[in-house]
Amino acid sequence: MNTVANFDLYAPRLADKEEYFSAGHRACSGCGEALAIRLMCKALGEDTVIVNATGCMEVVSVVYPTTAWNLPWIHVAFPNSASVGAGVEAALKVLRRKGKIADRRIKTVCIGGDGGTFDIGFQALSGAMERGHDLLYVCFDNEAYMNTGIQRSGATPMGASTTTNPAGAASQGKNEWKKNIAEIIASHNVPYVATACHSYPIDFMNKVRKAREIEGPSYIHCLSVCPTGWRVQTEESIKAGRLAVETGVFPLYEIENGKYTMSLMPEKLRPVEDYLKIQGRFRHLTPDYIQRIQKRVNLEYSKLLDKVENLHSWDELEG
Amino acid sequence: MIEIRWHGRGGQGAVTSVETLALAAIGEGRYAQGFPSFGPERRGAPVAAFNRIDDKKIRVRSGIYNPDVVVVLDSSLMGLVNVAEGLKPGGTLIVNTVKSPEEVKKETGFKGTVATVDASKIAREEMGVPITNTTMIGAAVKATGVVKIGSVKEPLKHRFGRIAQKNINAMERAYKELKIAK
Amino acid sequence: MEKAKKWPEKWQELNPGCMVLRPGSAREYHTGTWRSQRPIFDTNRCIKCGVCYIFCPEGCIHQGADGYFSADLDYCKGCGICAHECWPGAITMVEEG
Amino acid sequence: MSKRIGMEIALAAAEAVALCRPDVVAAYPITPNTHIPEHLSDIVAEGRIDTDFICVESEHSALSACCGASGAGARAFTATSSQGLLYMAEIVPIASSMRLPIVMAIGNRALSGPINIWNDHSDIMSQRDSGWISLFAADGQETVDMMIQAFKIAEHRDVMLPVNINLDGFQLTHVVEPMLLPEQKEVDRFLPPYKPYAALHPDNAVSMGSLGMPDIFNEAMQAKDHALIRSKKVILEVWKEWEQLFGRKYEPIGAYRMNGAEVALLTLGSMGDTAEVAVDEMRSKGVKVGLLKLKLWRPFPTEELIKAVKGLTSLAVIDRAVSFGGANAPVAAEIKAALYDQKERPLITNYIIGLGGRDVVVDDFVKMVEKTIDARKKKPKEAYEIYGVRGS
């Protein structure tokens, strides 16, 4: 569990030196999502096909006639990275079986933002997970439609101000709690689901490696700080991610064959306010509203710990 | 070209009748169409299905409004549907019923050829179910001579596999037991 | 916008489907021009841990033969994450120009 | 030797696709195309082809999965109808822009509403400008042949475009009729295994589906248009080869009894067969009438059209879709545009028939020809007419 605490010392040695997501991409300065992609690729290695939903990462990485990708990469549209990935996976499987391509395993990895995962791409994702394709889906969740200018999504947290539910005299921003997508995907009987954040790079890369080895569907939910949309200082992207974890707003955990494990469990959670106050999108919140969020965070965290304590893996249940 | 309209109820397999008869004609090296009335009707509803059979390529793809032959799979339809509607005056009406052709003539007022057979009884005896779609093919073939009775066996075997023989037996009995009044 | 080296002048020069057949060619686009501040690395304070390297969203910080790290200013956008995360305090951001 | 089969046309279409040994099929059920993927899944289940059949959760995903599969170098097939085509519409122009040689059967059906499962051409017409090659089959045989031809056309290195084959819903999909089904050996000889221009594989890390900025977009669209226009050459070559191998002739515009014709009907899809019978009837009464059957809708065969209408005084263009509020229905609008620059061109009437499965009989075509002949004396008030509509 404490790999996370002192990982920094070993970071460069534990990461693949190769940059599969090369410099020259046009993500915003301080983009947590670009960092997360870079780390994910290091963990995946070269025998990978990336399937990208429309969104920031697609727009900034492949502007014709150049590409930031050193991996085979395809983008078709916004709602369909999981179904494009299903086609890629099926093709690689069949072509390998028929001897039309080299006989080695190539992992299909679908990536999408929270809009492409929680909202418009949800049906395709659910279908792909249910069908059991051998693919890893990684959601880079920056909690709004950042590519189009910070509009509310199903992933936007309660209290955040976005351009389509702005805070104002009659509004405290989004008034609904965020959809628990990891839980929903786990309900598809997916053998490996994990949450991660770029602020914990070794943990994230380990999870990607683990998911890569699963022969079947797997899902990683990576909180990705967007300094532009969250209105945080660019140098504070890593800090913001860390605070999300340390306050319990975004706990890091794994669900392996139904068994929940915390990846990092702070001895005492920091107050949610610590996380909210460095972000402009929460600046308008009243103390009462912050307390409301605090209560909900506490509840969600307790629910998670309850699962960690009480739920058994499918293997155990089978006896 | 001969045009046939089949009346049945959804679930009684009129589509199988038209498909089988079309395949029998095609098997003879001739040309045929078999198609359902493309409605949303479900099990139980009165439905129709159609055949065209010819010695040369069939080009007409419209519905059939003035058939040469009408086949009725279920006599309970007689009071509900005007089965003789559009039937050519010199055409043939073939009905699954216990009644005689003469009685049907009187009931329907149709002046052309009428043929009847108790296909439900045959189907029950030969196959254990009162599904008359294959049985009535025997009646239609006998009354019209549109294909050779032997030509129907192959498509039935293909369609029904293990239970094909029962269907063939029922069809052949209807072929033999059909009563015709010109 | 800075143009890439192999900029197609005519439509006939486009790849079918606008496929990009040169992996990693985004390096031809120098994002260093976006920067308003740059990281300065103090080798006296650096402990060669590599936190700066691992957290760089551009992947533009590299370890030299001597074990010390430096940023490739062709790509560094000056976000300041490296300086913020460098816990020995070996990196400082200074204004460009 | 081809085998003469009697079969529902949708099933025969599936048999033809199976002969092409597709690697991936992804489809979602919608009437009336459904029997095609159903039967393909039967063929896969029987182990007759080595194909991954993906039961996707929507048409959007069906075409998306085909894009992924095709991008990875697989031969990919899908089929749909009506709202299904519209549901996948977001992906339709992307597939052609990405130059992915996917083949799609469309069992043509009316667009809702009111919801209607029967035939017309409003579904494909809505995707007219998507950059796909678009073929129309007139009968079962053409359906079978076009399925096989489509893969060869699509995958040709000078084409690399998706192809849709349109077969009228119910009017073709659900009709049992005789067809000649080529042998596997013959198809293998005709259609070599698919060799992609580029495929998603780490050995050659291509990026597909890039962002095109305004300073590249005109050029990208020009390249796409050029590819589609140029594909006609390949289509004609493939049809010539098909004729040599199988003896069945295919032309962008088929001509029936056009010798000495003064007036002609122009049809799309299965109504051509019925129209032939009408032409025979009228010819026997001395009417100098002929029939043009448009088989290649995109790329539009302008050159062939100009030749085909030479000498005609009138042309009745029969559409099966409405371009609401437009100058003409889709086919007529196209034909008028194509002929506008010609010094001599026929008078053109435009009838829209068979909407949502409304039956069209031989006599309807006779009447439309008569109206077209009359139109020379008295020009109709409207540029198009929904023929047989009650209350007008």
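By letter and in written order, the chains are A, B, C and D; residue numbering begins at 1 in each of them.
FYI, contacts are C-beta pairs under 8 Å (C-beta built on N, C-alpha and C of every residue); 3 or more make two chains touch, one makes a residue touch a chain.
This is a predicted model, so every value here is computed, not measured.
In this assembly, B is the chain whose CA centroid lies farthest from the centroid of chain A.
More inter-chain C-beta contacts link the pair A-D than the other of A-C and A-D. Rounded to a whole number, the gap between the C-alpha centres of chain A and chain C is 24 angstrom. Centre-to-centre spacing of chain A and chain B amounts to 63 Å, using the average Cα coordinate of each chain. Averaged Cα coordinates give chain A a centre that lies 43 Å from the centre of chain D.
Mean C-alpha positions place chain B and chain D at a centre distance of 35 Å. Multi-chain contact residues of chain A (touching two or more other chains) are listed as 62-65, 67, 69-71.
Across the assembly, chain D contributes 98, 204-208, 210, 212-213, 216, 220 as residues in contact with two or more other chains. Each of the following residues of chain C touches two or more other chains: 8, 14, 18, 20, 23.
Residues 4, 6-8, 14-15, 18, 20, 22-31, 34-35, 49-51, 53-60, 63, 72, 74-75, 77-81, 83-85, 87, 93 of chain C are the ones touching chain A in the complex.
Here chain D touches chain C in the complex through residues 97-100, 160, 197-198, 204-208, 210, 212-213, 216, 218-220, 222-223, 226-227, going by the rule given at the top.
By the touch rule above, chain D contacts chain B in their complex via residues 4-6, 8, 32, 117-118, 170-172, 174-178, 270-271, 273-274, 276-277, 357, 359-362. The touching residues of chain A, when paired with chain C in their complex, are 8-9, 11-13, 15, 19, 21-27, 29-32, 34-35, 38-39, 61-71, 198, 201, 227, 233-239.
The touching residues of chain B, counted against chain D in their complex, run 18-19, 22-23, 25-27, 29, 31-36, 38, 40, 58-63, 65, 155.
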